[in-house]
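So that you can tell them apart, the chains are marked A, B, C and D in the order they are listed, and the count of residues begins at 1 in each.
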Amino acid sequence: MLAVKELKAGYDKLKVLYGVSFEVREREILAVVGPNGSGKSTLLKAIFGLATVHGGKVVFEGEDITGLPPHVKAKRGLAYLPQIGNTFERLTVYENLMMAGYTLSKEELKERMEEVLSFLPYIAPYLGRKVWNLSGGERQMVAMAMALMRRAKVLMIDEPTAALAPKVVKKLLRKITELRDVLGKGVILVEQNARSALEICDRALLLVAGKQIFLGDPNDLLSDRDLARTYLGVK
Amino acid sequence: MKVGLKVLKFLPLPLWFLALVSITRNPIRFFIDLASFYSFYLMLSVSLNLEYGYTGIPNFGKVMFFAGGAFVTGSLTARLIAPLAGVNSMYLANYKLYNVIVGTQVSTFFAQRADIAMLTFLLMLILGAVVGALLGLVASYPAIRLREDYLAMTLIVTGELLRIIARNYDPLICGTIGVFVPDPFRWLTGLYHDLVRTGVMLGIAFSSWAFVEALVRSPFGRMIRAIRENEVVAEAFGKDVTKVRMQVLMVGSAIAGVAGALYAFYAGTVQADDFMPIRTFVVWVMVILGGAGNNAGAALGALTYLALDRTIVILKRYFTTPFDINNLSYIALGLALVLTLMYRPEGLIPEKPIILKRVRRANKPGR
Amino acid sequence: MISVEVLLDSLLFSNLITLMAIGLTLTYLTLKIPNFAHGDMATVGAYIVLTICRTYSLNPYLTFPLAFLGSGSLSLLSYLFVYRPLSRRRASIVVLMVASIALEIIIRSALHVYADIMSSLQRTYYRGLTYYVIKGFKEGTLKFGIYEIPLVTITSTLAVALITLFLYLFLTKTKFGIAMRAAIENPNLASTLGINVNKVYSTSWFIAGGLAGLSGAFLPFRIPTSPELGWELLLKTFAASTLGGLESVFGAIIGGYVTGFAEIMGISILSGPPFNLSTSYRPAIPLVVLIVTLLLVPRGLTSINFGRLIRRG
Amino acid sequence: MKSELDALGVVKKFGGLVALKGVNISVVPSTITMLIGPNGSGKTTLINVISGIYKPDEGKVLLRGKDITGLPPHEVYSLGLVRTFQIPSPFLRLTVLENLMVVAKNQLGEKPISAVFRRRRWMREEEELEEKAFRVMELLHLERLWNRRASELSGGQMKLLEIGRALMSDPSIILMDEPVAGVNPKLAYDIMEYITNVRKELGISFLIVEHRLDIVLDYVDYVYAMHKGEIIARGPPEEVISNPSVVRSYLGG
């Protein structure tokens, strides 16, 4: 569904990614792991059009979308959930969902909201609350709900579990697997918390210093002692 | 060759002045007026350039420091010399009513005693600088703590507050009537008087220009530009940003204070309403039009503004309009400012890197 | 002693300042600059109403919508042709402020030219125009027992109340209003959701200018209007908005009433015994309010955590 | 042996969040010490506390035994501790040469009065400073760019300038926040080689925060690993990175 070919990217003149290629299919979770500063977040930003692309291509449903502005990509069905700033904090949850469905008609909006709330029942009691009153895990759920309001086909989620309590992490990761299993979405999951991400994903991409070191079955990555060490950076 | 072409670029300005002269009735008067006004404005624009262009402090209260110098001169000159000049103390006791009489008598005294006149002149310039610097010190308190937008409001409003107080608190500059300032060049007569006075003013203005230029072409200038670029990094590399900003505001405001003293002597009177916020913005136009971060730009900007302003003054004599023609000058000023910001934000003369050393430049590659 | 007249005067004056402050806050929220040309939008509104009343002898109230439209459009144009292009080029806050000052000078001077022509046509050569001077409209009064309340005090209070209600409903109940709050908080996210951020900001600027124009339209009932009035109002509006924290419409309303009452009641107290201060110090009061606010609580009243203050005290 | 830098029981809180929970580290003179740990483990906070940008809530920072806790950054700098920034932050509209010369300490020409009236005196200083700046530029291969504005440099060149600027002040210790992040591997190795040379020749100590262990680890003498505001391991590089709790916090077990 989404294919990235030899993507080189960074910020203005600064180079962060040196050629990354992979593909995400329907009903698939791709975990992007690697040490800090290796370019995981930059990868998502580059795909979505928020970082400078120096070379390579992003293909979505067979079409080259590399240079399109973020809002057009969003319309096509690509959702990007940054670590922070992925919701409107001063708006209520209900208003956030309404904004996510801004371009929809009234009936569609109502229909989809029911759909989304049945998938994410946790946030239903908080509809009237402002987002800044919610906990970290609940906010991530709201952000996810906003992506679903738009019927995104591929969700790119940046470190959703950072600074969350272990119990909440479990709940959130279960929801992410359900995105795949129940709704059939494609997910790109960037995680600092590599082990748990590798457990739920179908394929893993290891980035080190902006380079693609490994792409394939997560179990191979976990069992490969050399790679695990490379991941830590030891030669 | 290259230098020649650069000069050509600014040729229209002198030509424009020549054209203006050819239609005025009194060319010498025209140039004297022009030079006098240029002196104050050069001092104001070069000091704002030091503050904003080089250090990045948006001083929206320039007129306050200018007013400080003018108020102290207007308030003190005649009263200080009156006992020496033998002015009836009854007049001093009711200064608001009799300030013109006191001022005139002191002027007559100055006509006889050139030495005292010049000492007074010098003393007032120094006082103007001191008052300016003190006001600058006070202004640095919010300048260090507040964000740019809040700082802009604070400085504009403080300037207005000073003006309102000057208007209403009679002992300062006789309230709404304004105060008469004796002429320290009274011992000269006729054309000499005007030429010498204007010469002295120009001399002081160019000295301040040279002072600021020397200041920015030194390690101090390098440091303030570094602070303008990134305060946090400058602090991490050992620069005491708070102190440096205070120094800059004190130097800039002292220059503005001297300009205010000169203005008081030149105009012969100090009126509170001469110090409206619009004066601050005129100076901003000069700096932005000429090119911030470049003293040549500040000088050129002041000249360009004066060209416009004098044109309007002359036009006023030849045309009668159903409205005050000065407003056209302000409209043109505003338009010039907006268009510069939109289409040539770097100004007429853009900022250039300052090269301090010459020794190794010749044999180094990479020019 | 504070008389009822002083209280009513304070109320009228505060209403006008509040209308201005709400508008100023709306523009501040979009580009984060204090718009120095905001005061002149009020003067433009006043002159629109004065001109129409002079020409067609209409009741001033009938022309209020035109003042709203006229000032709103001017504010919108200034956003579209000056502020937006500059902010797109990532001009600094200082540059945006200088641009707004330049527009202020242009509009004020243009108003001077217009006012000069207007008065020379009318052969009055009288600068402070009121509806009474222009066409002899007298403001009516309503009698409540022994008190006579000027009609304009009532209408302006109603206007503020209705506008506050309207803004509240608009910003919390309509889709576009919610989108406005969303776009102001996080323009990047809003634009990826298909919200036209430019349209939202344009609307903000239009409403802001319109409210200022409306405030200006009330002026000539009581206050002699001249082209300089906008600048004087602006400084008072800055005081009100800053007191309210600059980032909250609710704060602007509180700030507006505090500043307005402080000025009128303040001078009536200060000019009496034992202070006996000249009433010409009146314009200094909001300036002092502003300076004190900026130096003590630069983020405004709404930033103070009153709950904590009480608990500590 | 006396240590170059000590942080003793440093605690830093932001509101309710405790970013540093009593951190102890020390840097031996003329060594390269490294600080590792996942995002949000408090590394940058620690650097900010040491360099004076934040005041610690508890604990002390000693520089060669002298208490520098809570001193403002410019005073910490004048005592010989200099830091580089994670995102290269040159003074953009100054030239490369100016960027280097401006950071020199105690310049006579930085006093406003001397700047104008004692030009001859500070011009002599300037000549020396310029010599030194060119030496630094030659080491970093920046000399051809001496007259360019920093804004015209590439990302990698900005990183080099950042290091050059730190060297200009004759520091006794340099704190580096991710010196090789976002730099291509060839240049990254060069930077590390260069740091090793400086250590050897000038005896300067380094405290380096870096995630790219693959490149940096070979060059360092001692490693501290942080996790959630605490030091969880310390010792020679090989030992620390095979420490199970370090592996866990990095791999997230």
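The criterion applied here is as follows: contacts are C-beta pairs under 8 Å (C-beta built on N, C-alpha and C of every residue); 3 or more make two chains touch, one makes a residue touch a chain.
No experiment lies behind these values; they were computed from the predicted model shown.
Asker: Which chain has its C-alpha centroid at the greatest distance from the C-alpha centroid of chain B?
Answerer: Following the centroid criterion, the farthest chain would be A.
Asker: In terms of C-beta pairs in contact, which of A-D and B-D ranks higher?
Answerer: Greater number of contacting C-beta pairs: B-D.
Asker: Can you compute the centre-to-centre distance for chain A and chain D, using the mean CA position of each chain? Integer Å is fine.
Answerer: About 34 Å, centre to centre.
Asker: Round to the nearest whole Å and give the separation of the Cα centres of chain A and chain B.
Answerer: 58
Asker: Give, as an integer number of Å, the spacing between the C-alpha centres of chain C and chain A.
Answerer: Comparing mean C-alpha positions, chain C is 45 Å from chain A.
Asker: Where in chain C do residues touch at least two different other chains?
Answerer: Not one residue in chain C touches at least two other chains.
Asker: Specify, in ascending order, the residues of chain B that touch 2 or more different other chains.
Answerer: Answer for chain B, listing residues that touch two or more other chains: there are none.
Asker: Tell me the shape of the graph of touching chains, choosing from line, ring, star, complete and other.
Answerer: ring
Asker: Throw together a list of every chain pair that touches.
Answerer: Applying the touch rule to all chain pairs gives A-C, A-D, B-C, B-D.
Asker: Could you list, by residue number, the parts of chain A that touch chain D in their complex?
Answerer: Of all residues in chain A, those touching chain D are 10, 12-16, 18, 35-38, 162-163, 191-196, 208-210, 228, 230-235.
Asker: Inside the complex, what are the residues of chain D that reach chain A?
Answerer: By the definition above, chain D touches chain A via 38-40, 153-155, 178, 181-182, 184-185, 188, 211-215, 217-218, 241, 247, 250-253.
Asker: For chain B, which residues are in contact with chain D within the complex?
Answerer: Counting only chain B, the residues touching chain D are 211, 214-215, 218-223, 225-226, 229-230, 232-241, 247, 251, 293, 351, 353-357, 359-360, 364-367.
Asker: Mind listing the chain B positions that touch chain C in their complex?
Answerer: Chain B residues touching chain C: 52, 58, 60, 141-142, 145-150, 152-154, 156-158, 160-161, 164-165, 167-168, 277-278, 281, 284-285, 288, 322-324, 327-328, 330-331, 333-335, 337-338, 341-342, 345.
Asker: Enumerate the contact residues on chain C facing chain A in the complex.
Answerer: Its residues touching chain A are 175, 178-179, 181-182, 185-186, 188-195.
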